[in-house]
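Presented sequentially are two complexes of chain A, the first with chain B as partner and the second with chain C.
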Partner chain A sequence: MAENNGGGSVWVRTGQILTAFFSPIPLLGWLSGAVFAIFLEHIIGNSLAVLLGLPKIPVLFGFVIALKEPTLIPGAIAYVSLIFVIPICIIGRLSSPVTNLVAEKLLKLPLFFSVVFHVGILYGVLHFWSDISPYRVLTLKLTLIAVMMTLSLNVINGYMGEFSCSHPGFMALGAYAASVFSLVFFTKDRIFGEPLLSPVLGPFMFPLALIFGGMVAALGAMVIAIPSFRTRGDYLAIISLAFMFIVKSMIENLEVVGGPRGLSSQPNWANLPTVFIWTVLCIWIINNFVRSTLGKALNAVRDDEMAADAMTVNTRRTKMVAFLFAAFWAGVSGGLFAHVLRYVNPSTFGLQKLAEVLAMVYFGGLNSVYGSIVGAVSLSILGEMLRPLEIYKWIFIPLLLILVMIYRPTGLIAFKEFDVRSIVHPRKRDKE
Partner chain B sequence: MRKGLFLVVVTLVVGFIFSPCTWGAPKTIKIGINAPITGDIPKVGEGTKYAAQMWLEDIKAAGGLDVGGTKYPVEIVIEDNEAKAESAVTTNLKMITEDEVLVIVGPQSSKQAVPAGDVAENYGTPMISPWSTNPDTTKDRPFVFRGCFLDPFQGPVLANFIKEEFGFTKAAVLYDVASDYPKGLAEYFKEAWEKINGKGSVVAFESFTTKDADFSSQLSKIIRSGAEVLFTPQYYNEVALIVQQAHELGWSNPIVGSDSWGSAETVELCGKNCYGLFFSTHYAAAGAKGKTQEFIERYEKKYGYVPDDVAALTWDSLGIVQAAIQSTGSLTGNIEKDRQSVRDAMAGVKEYEGITGKMTFTEEGDPIKCAVIVRISEKGEFEFYKSVCP
Partner chain C sequence: MPLLEVKNMSHDFGGLRAVSDYNLVIEPGQVRGLIGPNGAGKTTVFNLLTGVYRPTEGEILLEGKNIVGLQPYQIASMGLGRTFQELRLWRHMTVLEHVKMARYSKLGYGLIGAFLGTPKRHRKEADNESKAYALLEMLGILQLADQVVTNLPYGAQRRVEMARALAMEPKILFLDEPTAGMNPEELIQMMKIIREIKDRFGLAIFLIEHRLRMVMELCEVIQTLVFGKVIAEGNPEQIQKNPKVIDAYLGTETVE
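Right, the complex of A and B next:
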């Protein structure tokens, strides 16, 4: 290492050591570390928190309390490193020979088993992590819904390369359609009166309500998809923005669904497993969609529509399908949103929501399933964690966005394929 | 290795012995404030926060909250809900489960108070929304209360007032169809007016959408309809535009408004055009007496402007919370039991003397209280004109 590079070399060396230490850990290893950490928190979390002078188990990795009361920062850091960081790293590393072996064995079976195994453990981790506090459950549910939203917008803005602003509109359509479906058929309420079917059936029919919501949103998307054949770029952005406002004022003027007062008392069916399953389904299906021929055609349309047309890509059909598909998932996420909050109001689906979801897409990265997940999770959790900063939060988060746009103009993880096989693959021991 | 283990055990034991050092002292009472500090309506959040801080000062000066002879220290947990429905829900849940607050004051606007009230109800935590006028906020929710009168009361109050004051028979209404509060109030007013003056006595029922700035077509229609009075339950920024444009088009009859006019900005934006107009509200700042005057003067001195109705209602809501906690007689320290007893005490509040009038809760958790009719004076002040009680 050169002399003049002395300051940097320490960092480089630490980086190398850390990479060497962590590289043999497969996903399964990290997950088993997380499982251990969660159990640790369940067993000694409370007493450790008391010991460190914290009022309770820190809910969101200590941020929420540390920002309110700066004296608690050392305690919060100690808690997070003792319960999460150190155990996850150590268990992950120690178990890596075993987990690598298991991962290898699983890969010999069809990929499906391996994925289900990993997703199952991931759900277990999230379930028991959020078991500590209902606040964690709610934050997790809203985060998962944000992932669905972001992913579906990425299909249009990232993969198709159009700037669409109509997503809150699709979400509103989905939210209202799914709510009306479950209120009319399965719930007794003030607006629609007695349920038409037995409420016992309700939870089983909930997927139907969500699909109905998605369908209605897709139907709405047709209104935009048709003009989108003629316009591109800024003009489409304006048309889709107009669509969002049309949906908003339509609902405001529809007395049947409560008008500006909103629609409340949706049944409480959107529990954590339901939201999780739908999110996994959404990621799986969208990932397959964008990796399919149709997805590649979508990229071709984005890069050069004329050339794509010349190469026998049916650009009309491609755009249409992508629009309806994205709107469908936005509608499903809206339906889940309505059932998590158990209240919807047209003004929820306005410009603020649009700005939020656009920020998540561009922060995470265009044209990337990975990026959408990272963007949605980090911005929603960050928004929740930095809440105690009040107005300064709105300086910090935009600043972060600006920095990302300067150093990574297409977002954190853009144009990267979400390859499930390589994720669950066992890691090779380095240089063996 | 053994030594290390020994050390850990010793630290744990010592820690456990000393951690409950505070057991002897009374537990802190935590009050949650769910306010829109950032977002669309930051002024509302600011008023809420300031009123809460003033209240806390009083409690601190008294050395804590006296419940059955024991002085409990009080802590206020202020959370920002960004004026979003989902954030109001998460902050409410966080305050209930993480901060373990005894009572929640807020959220202010209905679009947040309705879903947040659901959380408070499910977790058995008393909540009082000082400003929310949507009936759904408190409906079928024994744990949820509100600090202001409802629109079904305000509409008839105004209709009666106009009838008695001017003796008019033909009224016009101009309202925002996309906003929950003006729309509801416009409908209640119409209903009440037609009850007094017969069907068809509301000669023009015109609407517009939020953020519209040109009302000339609706106003010309209203002028042509031969209405004698214009009722417009809008917010301050729209009031200024509506009144100015009406006067430009030649309208010279009275214009009457509702409690949404009660912001200092109304007169600032509207100027001389608004002098001499009437509106109904929760309290009148100019010419206030007693406790109300004391509150206004203190607030103005501290923060530099006359408090609007949100601050006054928040102050009263906190007062009711305080009275309820004190009337429980004693706190057990078990948060669930205490929440239940505070809720019962709150439901039993009778004739609470607040700065916005006397309050008694109905079974739904809505207060029965008087409305105040205010006249905007020639100096641009909100002058008390008369009080209307149910």
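Right, the complex of A and C next:
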């Protein structure tokens, strides 16, 4: 008993020391630390890896080699600590007086400048981090796409509290629509022949392709929404599941887009900046929406539809708009997905994809933008880590999900507002 | 022209006639009461008037316009606010968000504003918020603004419901047993609040209540509903003396 208490107080004290150490570091401080770490990796990464007995720089913080070659784990841990953890903490802390000052100065201008500044640095960090290997670039792009998917599904399953299973279907619609758009108009292709417009225009028209993909997905969502939002209950789950399978088998039987063989040779337009910008745009718009009273109406409908109705909320319109909106973003993410891999086939958008994105939503946390980002990023990394297990990784991920459901039924970071101003706000040392 | 007029409204649940031949006239600024034993159909009357159910027969005129068949949110935005007997609060939302939400139809910005966070939206939301704060202050729950409603004591939750209904800027307010489950002290405060609301906003109020003391003190005209039929209508003294009311509502047993 006494020992237990003693142990507890040591933990508490360590926690307090760590909090005191880290609390004065603003986001800008962490970013500066990250910038430093990235340059460190570029300069001494290779030689350090050799020194620690690693064949090459551990691409994903050592997660990928953890299961492939367990003997290298200590080296990977040492590498990650020396290159990332320790420098980021030390630089973050040391620079905190300066970064706090800069953050404070920036906040005096409209919030927009602060946000652009932070996002710009974040992009720089990601860009130079992923520069090291093409595998990092691909993983990063797919993770960003997963963030978009998760966030848009969270609008339906979290904020609106309905259970939708059709997200892979929307993603497929978006992927194929955007691909067809760019193939027909801007690419010479064996299915669609000569491009209708000059391919030079292509990269500039890529946003149009994505928006077209999103629109098609939203149109698909309308097919589900009209019958299933008349009443509440399990209808949506069932109808949307059916929709997902219908879309999949429809594409499989559509020879124009390659049928079960899939559709390939999409132009290489989805580079890292494009994917990043779309992800930021998606987070920004969805966060704007769910924090407005119009968006909060979703929570009102979820928690008590009758009360929402009596308080002048047009519940049916609210649900329709949110559903179509979420489907739009799923479609956009599908379009990006197709252009990142430059190949899509219908079997990608099946039950496994659904399980993946549902796991990300419920693991990260319902009704929370933070949660979606955390869920998508952590499960994407976990997925890469467990890749050597092949199909058996689908034992581990559901197991993890079950544990989360038992101990935190709404997910890791549920019901937390994503307040941009407080994120970029300078941290004050509490002297008082 | 009366604010709210109901003509020969009837409603069937399957074969059961829950409300039959119900008539009502409420003038602007009037406080009316509806009493009756449990299961008399009082809440059904509320649900019919607010559009939750559609009456089988009859007309409901709000400021001369027939509102039968309109959706509840449409009727609500025409100026008919209500509270619920069984507190229907949104359990994950804060007090402030509740009050802001009730101003949904008066937001003044559209989806583009919501998606892009335009300056217009921020202006309207700030405006909305200051009105919400004023209401919270009036009802004495300003210090609870950022609390999630499920953490609040019962009396405060009732006040949140009242603030939420008032935020709609209704012309007529339907209160469904606003003092259900309250202790005598909370009851007195709630009566004070209802009087204050009436004086400040000049609202018409339609009140369902079980506590006769409250109805007798507040209401100008009282209806007694038994098995879906109005058996008596009049001012408090008339109702108290009416033998039918005493018989049906207060009970026939003589006290030895």
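Following the convention adopted for this analysis, the second predicted complex is superposed on the first by the 417 of 432 C-alpha atoms of A that agree within 3 Å, B and C clash if a C-alpha of one lies under 4 Å from a C-alpha of the other, contacts with A are read in each partner's own complex, and residues count from 1 in each chain.
Keep this in mind: a contact is a pair of C-beta atoms (placed from the backbone, for glycine too) under 8 Å apart; a residue touches a chain by one contact, two chains touch by 3 or more.
Everything numeric here is computed off the predicted structure, so don't read it as measured data.
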item: Which superposed partner A:T348 touches (first chain B, second chain C, both, neither); value: first
item: First, second, both or neither for A:G262, with chain B first and chain C second; value: first
item: Contacts of A:V64 with chain B and chain C, given as first, second, both or neither; value: first
item: Touching partner for A:W394 - first (chain B), second (chain C), both, neither; value: first
item: Contacts of A:T187 with chain B and chain C, given as first, second, both or neither; value: neither
item: Partner chain(s) touched by A:N271 [first = chain B, second = chain C, both, neither]; value: neither
item: First (chain B), second (chain C), both or neither touched by A:N46; value: neither
item: Touched partner set for A:N253, first chain B, second chain C, both or neither; value: first
item: In the complex with chain A, residue positions of chain C that touch it; value: 50, 52, 71-73, 76-77, 82, 84, 88-93, 97, 100-107, 109, 111, 113-117, 121, 125, 128, 164-165, 168
item: Chain A partner contacts - residues on chain B that touch it in the complex; value: 11-12, 15-16, 19, 37-40, 79-80, 84-87, 89-91, 93-94, 97-98, 100, 110-111, 114-115, 118, 123, 134, 136, 177-180, 183-184, 209
item: Complex contacts: residues of chain A adjacent to chain B; value: 47, 50-51, 56, 59, 64, 133-135, 138-139, 142, 248-249, 252-253, 259-262, 264, 337, 341-343, 345-348, 352, 384, 387-388, 390-391, 393-394
item: Footprint of chain C on chain A - complex, ascending; value: 285, 288-289, 292-297, 299-300, 302-304, 306-315, 321, 367, 415
